[in-house]
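Residue numbering begins at 1 within each chain, and the chains themselves are lettered A, B and C in the order written.
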Amino acid sequence: MNQEIFTINNLWMMVATILVFIMHLGFASLEAGLTRAKNTVNILFKNTIIPAIGLLTYAFIGFNLMYPGEVFSGGFFGLAGLGISLPEGWDTYAYNEGYTFYTDFIFQAMFAATAATIVSGAVAERIKLGPFIFFSILYVGVCYPIVGMWKWGGGFLDALDVPFYDFAGSTIVHSVGGWGALVGACLLGPRLGKYTEKGMNAIPGHNIPLAVIGVFLLWFGWFGFNGGSVLSADPGTVSLVFVTTAIAGAAGAFGALVASYLKFKSYDITMVLNGILAGLVGITAGADQMGIGEAAIIGFIGGTLVVFAVVFFDRIKVDDPVGAISVHLVGGIWGTLAVGLFGNLASFQQVISQLIGIGSVGAFCFAFSWIIFFSMKKMMGIRVDEKEELEGLDINEHSMRAYPDFASKD
Amino acid sequence: MNQEIFTINNLWMMVATILVFIMHLGFASLEAGLTRAKNTVNILFKNTIIPAIGLLTYAFIGFNLMYPGEVFSGGFFGLAGLGISLPEGWDTYAYNEGYTFYTDFIFQAMFAATAATIVSGAVAERIKLGPFIFFSILYVGVCYPIVGMWKWGGGFLDALDVPFYDFAGSTIVHSVGGWGALVGACLLGPRLGKYTEKGMNAIPGHNIPLAVIGVFLLWFGWFGFNGGSVLSADPGTVSLVFVTTAIAGAAGAFGALVASYLKFKSYDITMVLNGILAGLVGITAGADQMGIGEAAIIGFIGGTLVVFAVVFFDRIKVDDPVGAISVHLVGGIWGTLAVGLFGNLASFQQVISQLIGIGSVGAFCFAFSWIIFFSMKKMMGIRVDEKEELEGLDINEHSMRAYPDFASKD
Amino acid sequence: MNQEIFTINNLWMMVATILVFIMHLGFASLEAGLTRAKNTVNILFKNTIIPAIGLLTYAFIGFNLMYPGEVFSGGFFGLAGLGISLPEGWDTYAYNEGYTFYTDFIFQAMFAATAATIVSGAVAERIKLGPFIFFSILYVGVCYPIVGMWKWGGGFLDALDVPFYDFAGSTIVHSVGGWGALVGACLLGPRLGKYTEKGMNAIPGHNIPLAVIGVFLLWFGWFGFNGGSVLSADPGTVSLVFVTTAIAGAAGAFGALVASYLKFKSYDITMVLNGILAGLVGITAGADQMGIGEAAIIGFIGGTLVVFAVVFFDRIKVDDPVGAISVHLVGGIWGTLAVGLFGNLASFQQVISQLIGIGSVGAFCFAFSWIIFFSMKKMMGIRVDEKEELEGLDINEHSMRAYPDFASKD
């Protein structure tokens, strides 16, 4: 190691940090675009405040839960203290060859908020703001870092004989968000008018350009999300990850295009957008272990799966306005499994380890989310009342409208 | 060469790659903003699927057509095989001092889709989706890399006594797109109601903020498009290219502002936006060969030209909804010529070489586009029917609307 | 110093340059989103042309005023000539260890336009375009670089016994813009209908998603604004600056959330957005001198202050449509003072130096702005007439509308 390589590595990790940061604008735009104009301020409010929550809780406790180091650490839980204290040599490669302590913290902190942002899409247009924020604080500040520690903090999933593998977080980030989304959507119930006796009513998103902006910004940021997970600027690995990330997203678009055209006989842009994201979620667990062909297959299948998953969740009447569960939970499970099926690590034992990871993370996140959402539902209610839902959350929770100068359709 | 400089070079090339990537969102936003709300989903669908097409076709065949290496290569055509196979030492500076093999591929792949994206703006609001996608696959997968090989793959334009010079692609990328745009717009004919007996009717874009977002993202990405074309992080050259790129865009804004104010007596924001782009296209061929003053002149003239070109194409009834032909074809020709007129390479012989490049690329792309578009026109038709055009492509090709919650004007 | 570190430093400075560039899209989006649809083209036109003005005037004169070097330089004023001439060794670390001459120029040039962009928000919806552009040219080309020279060009503020400290420009950039905004808003007077006998009427912004896009892009760019002000890629300092920048923005969101909820009993997204910006402006002066806790305090107080400032300026009937004065002037003063109160430099003497800087910059900018705006007001008028203001500036100054396909509310 020398100072030059350390400085380059750290520079890339900082650039990756802000690429992950801009993903929060991607989520905000996508979720706002795919919901109705009357709830736009509410969605944007949540997606603006969540990164702030993520950064602050991660500084206070999350980072110390996720990377307990030698302070106190079992296989399932550890804690290095509260708040941020600088270790000796924090700004040299004595701390880490890839980054300074502060870069380490801020890169991980940008990841943290993602989990709650994923949830926000699935519970949109009907959840009360206060309970959602309370849930987000606990989910980002406690649940996510505990799960993260199981793998990235050296916990039990990392200590399996054939270690569970999740390069940048198909399970650790995306399906963590996906489980919270599933629980939230189930306990809230569907939006008024979504499922009637006559069948399912599509509730179209109000601003497709905004959704497109969201997906492109997410894809853009994903190069930092996956590329930064190399934890250095190593030319070979990072450039491989860029290629697999790009190809999987592209193949996801095609998978969703083909599947949705065969199923619906129309060119459905929201399916293509979610297909891109599913391709990206899918490659995330193994982005450094696949070649270009495997990345294309994983992305294509991810994009196909999202179409069937969206139809499936509508059939069982789990109302997910933006398709977050299909993208992040189904896509996350698929990507995690794919590490055992394709690429350098493919083996039967790896599949087993991947299933252990998927199952244990799923069980914990499901239970964690269910306890919080269910308790709040009993104690204070988590859903806005019917009148407020019909009028829109913007005017009721925020006393304002997102587009006051425009006439609405009806 | 050492590992440190190699790692830095490769890092810059990767950052440049994602800057070029985000240009696709720029094109999507700009083209959607400058067309009508009833065709927005359609435009966005095309601009979302094109980068996916570009990445996949470039992996399958484009990269091998464009950089045939020693496998098989004449002056006009070569092919290194199908698909991506890793050469020995692909991740070291033995492959290239500026980047790994994967970085090479992905940077070039991001460029590839640009050609079709340019076309999509000019044929907007009336082309059928299927034929456009078919055209895009061939144009991005075959036409663009063949032309690219003529210069960047060591083909005949690079082998002229005074080699044709096109630093980052005023001709190789932008006018390739521009020729396809011209042919498409001509064979489709103008939008209904654009040119009537009483004269030309302006059909204003439906969302100016979206167009502004598009142009700024394009300018932002252009620092990677031009800056990455240095093919290393060389401090002097890349910073020079940043300055010429920034100044040419700024001067383009002024050129268009002055010309459009003198001509129309109003402050026309769409002209200023296209002026910025024309300034950027103009500097692209010689971004590393100009000083700050030359960049300002080239940009200013580019911005002025775009105003006259827009008026000219309307006069000859070539309907280009977003001004793509004026920006990318006229601007691309201007920028390519400017290399012979200004800066380090200025000479009479260089002008001749530039004209040879402009002419040969133009002839090939015009013929290629014409054969495909004309064949499709005869066989299946390339234009939607009148009813569909009047109602909008969104509801007819995609069964959805971009802004379902808002009341439309009429 | 060696070539590797020089190349890395320069690479980071170039990346920071384009991060600052994209802040101009942030300002454009934010200001357009927080004003009315009928004035959107006008706001966007100004925010598109201002970066162009900034780049060109900075090349012609600004850079030479701000960094006069040894050519001619007193404590208050200096000039190195006109236009850009390359010094010997401009592309080596003989020029500077952190960047080439061209990187130096372009990074500073991107900063320059910010001052006028801030003004544009405060004078929106009623100022004539011509006078605003004339003001911008002088403010960006002359006022900003003279003030900048006082500190960053080695002028009298840098020569105080305890030097005035302003790391990235809470005073030098943000409050320079803020003073111009204050003067402009005062001399123009409030928008028609804003303050009536019955009290203050809120005039809501027309597009909240656009405002959110703006704030996230500004935060994104701020990592380059503050991070680039390290003037190298030093791992420790830049990563510290990233952390303080992120945390201050997050804490600003919370400060504004709490203050606005207590004051208005609603979740006000525009306050949260301005709180983020105030947190960022607040940390800018001392981003490299604070720890994570101090950054949180400074940001939180900044976010709180912005709520009270917005209320205060409305009470004294200074109409600032986007809250620019509250964010950039109040936030800038707060951040500059905070350097004397918190962190490594905290001392009574530092507070005095900070007050000298705040006062002298304020007096100069106030006078400069007042002279220009007042002269123009007397000579040609700076405000559009009543009919034009009611109909909107778009249709009157630009002969077009931002959203022609949508029906407006009234």
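Criterion: a residue touches a chain if its C-beta (ideal position, glycine included) is under 8 Å from a C-beta of that chain, and two chains touch if they have at least 3 such contacts.
Protein identities per chain, from UniProt: A, B, C = Ammonium transporter.
All figures in this text were calculated on a predicted structure; none of them were measured in a lab.
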Chain contact topology (line, ring, star, complete or other): complete
Same vs different contact residues, subunit B (Ammonium transporter) with subunit C (Ammonium transporter), by half of numbers used: different
Centre distance in Å when subunit B (Ammonium transporter) and subunit C (Ammonium transporter) are each reduced to the mean of their C-alpha atoms: 33
Touching two or more other chains - residue numbers and ranges from subunit A (Ammonium transporter): 4, 8, 11, 15, 207, 213, 403, 406-407
Residues on subunit A (Ammonium transporter) engaged by subunit B (Ammonium transporter) in the complex (per definition of touch): 2, 4-5, 8, 11-12, 15, 19, 36-38, 204-209, 212-213, 215-217, 219-220, 223, 227, 233-236, 238-240, 242-243, 246-247, 249-251, 253-254, 257, 264, 266-270, 272-273, 276, 292-293, 296, 403, 406-409
Contact set on subunit A (Ammonium transporter) toward subunit C (Ammonium transporter) in their complex: 3-4, 6-8, 10-11, 14-15, 17-18, 21-22, 24-25, 28-29, 32-33, 40-41, 44-45, 47-49, 51-56, 59, 83-84, 90-92, 99-103, 105-106, 109-110, 129, 207, 210, 213, 397-407
